[in-house]
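Chain nomenclature is as follows: A, B, C and D, assigned in order of appearance, with residue numbering initiated at 1 for each chain independently.
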Amino acid sequence: MDLRIDLNADLGESFGPWQMGQDDELMTSITSANIACGFHAGDPSVMRRTLALAQRHGVAIGAHPGFPDLVGFGRRELQATPQEVEDLVMYQVAALAGMARAEGARLQHVKAHGALYNMAARDRALAAAIARATAAIDPTLILFGLPNSELLRAGQAAGLTTAAEVFADRVYEPDGALMSRRKPGSVIHDADAVVRRAVAMVRDRSVVASDGSRIPIAADTLCLHGDTPDAPRLAKLIRDGLEEAGIRVQALTTNL
Amino acid sequence: MDLRIDLNADLGESFGPWQMGQDDELMTSITSANIACGFHAGDPSVMRRTLALAQRHGVAIGAHPGFPDLVGFGRRELQATPQEVEDLVMYQVAALAGMARAEGARLQHVKAHGALYNMAARDRALAAAIARATAAIDPTLILFGLPNSELLRAGQAAGLTTAAEVFADRVYEPDGALMSRRKPGSVIHDADAVVRRAVAMVRDRSVVASDGSRIPIAADTLCLHGDTPDAPRLAKLIRDGLEEAGIRVQALTTNL
Amino acid sequence: MDLRIDLNADLGESFGPWQMGQDDELMTSITSANIACGFHAGDPSVMRRTLALAQRHGVAIGAHPGFPDLVGFGRRELQATPQEVEDLVMYQVAALAGMARAEGARLQHVKAHGALYNMAARDRALAAAIARATAAIDPTLILFGLPNSELLRAGQAAGLTTAAEVFADRVYEPDGALMSRRKPGSVIHDADAVVRRAVAMVRDRSVVASDGSRIPIAADTLCLHGDTPDAPRLAKLIRDGLEEAGIRVQALTTNL
Amino acid sequence: MDLRIDLNADLGESFGPWQMGQDDELMTSITSANIACGFHAGDPSVMRRTLALAQRHGVAIGAHPGFPDLVGFGRRELQATPQEVEDLVMYQVAALAGMARAEGARLQHVKAHGALYNMAARDRALAAAIARATAAIDPTLILFGLPNSELLRAGQAAGLTTAAEVFADRVYEPDGALMSRRKPGSVIHDADAVVRRAVAMVRDRSVVASDGSRIPIAADTLCLHGDTPDAPRLAKLIRDGLEEAGIRVQALTTNL
């Protein structure tokens, strides 16, 4: 039996003079990079530098489009219409795809950012808008989303390959949803626990939910966070733990 | 002898709730549309609508990248570095090119906007940056610029096809430069004079300069303005005048 | 018995090169101007010109703060925190208040714009944030809001004078809420009907709701729209109709 | 003989999710804080937090208005008109002044940021625009500028108190201008040398220029940089060095 997982992280989140993240350090642990496209973070120069960095590390490249909300970092829900979402996703994915092609690279995937990702998990019309935009730019792009989300269903309906994304440091509700960050205990901080959880999710395709029950979960790609000082070390621990458990860590597409 | 000219205009300059221009009316007179890419004007939804409008009219599509200066409409000089200019042009052209491809269209050309266009006419490093960005996105794109400008030279050096752009309603200095708009008499408002001038520029490849001397001028594409109430009527007069003079009015590429 | 009403309109909604509204024409009909503060519309130069225009016409001046969403014109709900709303309202009101004082004027009121106004009508925490920001900048400012809204209650709790705002061209639900614009028949287009309705609202302090019942309504200020070609004419009809009915049309404060 | 100097630094340069600077650490060394106003850095929430921080430390507060260029951090020259500059300075200073007043504080000064500061040092019309805007918002504000600059002259002509600003870590040309950062050796990195230089500038009101000559220099306020990891330590060294030399370190106004 062939166990494998993609490890993704959000990168290229600097903007103008402002630095964010530890992109260099994370690149050695991840296999897929979600690159911000200028609306919630990133600017054209940051995007090019991040593209080049991912290429040097042989990391697969994805677009990470978000709401046009720099000051809120795309984390605030914005009641944009499905048409507006389709257009702004198309614009952002096209910009990064074209810049990648200019550097001799190809996009592997699209992962919506922040509030856009979360809204599209449950809102069918937004999910369809993101899927349409992605397929229109390139029908071979892989669409990331939460397992069992409207976004994954919309991607499949649009003929896209999809990838179910899991979070090893987050607690799941019995119905498979992520427990809200606002609830105490929703985020797991113990590194060993996170590593064990990552391995279990991939190996068993299940996870122990908040009520102690074991629930099934699809895991094509696992999200590593980059926004804590400790992030690169934790990323390396997770990767090492997965590989020690006999799980192959590799991008979803290996022929980019 | 085969006389022909492309007629271009800046379109898609609305933004969010704000309307600008008379794109529908101009589409019937022009052969090439320069579509704003979201930095000085335009937004993703405006860009898509303008792309669709140009396609319906069989008008060739070009990217019109500008400085990131909405409030100044990209008309104010900004001391961006050549690297910044390369990156922001690449981003904007890639965004429009990808959106066009998603709609089944291809870009014909790139025309820098406003201050970026004017700075690149005389600044070799900026000109090279624009040419590099354009060639990197698509080496078949045609780069617009003032006759005898650094921008055209940079485009040629980058292996791009270039198109010399003329303005029938502007007075030229004896050295071939446009007389500054700030000088009285620099803009010609009489419609008949503008039409005669357009015909003469194409037919004779020369123009009478501010001192009365006749100077040579290359004219591959002629810019029609869209920002006056009278613009569509003047555009039609110019097109009719050119055709009546036996000049073929057509896009630079006819196989898009 | 002394019947009177303030007539307000949203002004200064141009931005950079983009014109919006018919501010000059409206100024002769209104008594209070809500001036956009640069986040959803307006820029520093537009704000100054609009301030000067209002002063020339003797029209009272108010700040019209909105969400930071130019492309969406502040009409899209944004899940900002109460703290963020307090800060962005404080910033915008302070900017306009300072510019007004520099021109020898004083602000009369604050009217939140678009989605911010509507969200604060029903969300107590956002309403309190707006009231706190307004009171902190100047406790003599009058806070506008829908009758019976959380926003008016928050204003009163913060010690502010409040003004209940009505719309003569909108249908009201039996519970006093505005019927959603998305429902057919929710906007009244017949000018005579709108004028009669305006007069009735002020004179009778009641309005006939969507189910035919008559409901009480407080009306301190009546909103005139400026976003249709016909707006100035309709504004004048309403003002004339009110005055002919013996209603005094005047700003809420007459000693600015 | 009473020797004294104000120590200023640019603060509040975070934006949305992006942190910049070490404001907490610098506050213990400086006497005046130049707070970014949202155009090149800062946002309403950052501004309020920075205002509160300055108040807690008893540090005088100034507005630090810049060009509307977040991605370029206001460091790129922008050919805005004097009218545009007047308006955008007025807007930014008014916003911070109003927010400060809401917190029970008063602005002490205005220091233009980056390219705006440098352009106004030599461009009389821009300098006058900044001075007009400052005086219009509050004629008691102190205007910062390079010694012998157009900006200081414009401030004096507008009736403002002005403060000549010096940089202890920058080399001066024989004519009193700052040597361009692009020239090698233009920035002094040795901490002891910077401290000695600071003391000498205040005590002797002169400085040794690039050619070895000693030139007179006015020094009302000395700029401490906050953008290096070492900045707080260097700031403390400079302050200690000044005080040990018998120079009083205090804000320009002590009755705020």
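Just so we're on the same page, a residue touches a chain if its C-beta (ideal position, glycine included) is under 8 Å from a C-beta of that chain, and two chains touch if they have at least 3 such contacts.
What you see is a predicted model; the values in this text were computed from it and never measured.
Using the contact threshold fixed earlier, the set of chains in contact with both subunit A and subunit B is C, D. Of the two interfaces, B-C and C-D, the higher number of touching C-beta pairs belongs to C-D. Between the CA-based centres of subunit B and subunit C the separation comes to 42 Å, rounded to the whole angstrom.
Between the CA-based centres of subunit C and subunit D the separation comes to 40 Å, rounded to the whole angstrom. Along subunit B, residues 43, 71-72, 84 each make contact with two or more other chains.
In terms of inter-chain touching, the protein chains here all touch one another pairwise. Across the interface of their complex, subunit A is touched by residues 68-69, 71-72, 76-80, 84, 115 of subunit C.
On the subunit D side of its complex with subunit C, the touching residues are 38, 43-45, 47-48, 83-84, 87-88, 90-99, 101-103, 136-137. Of all residues in subunit B, only 14-20, 41, 43, 70-73 touch subunit C in the complex they form.
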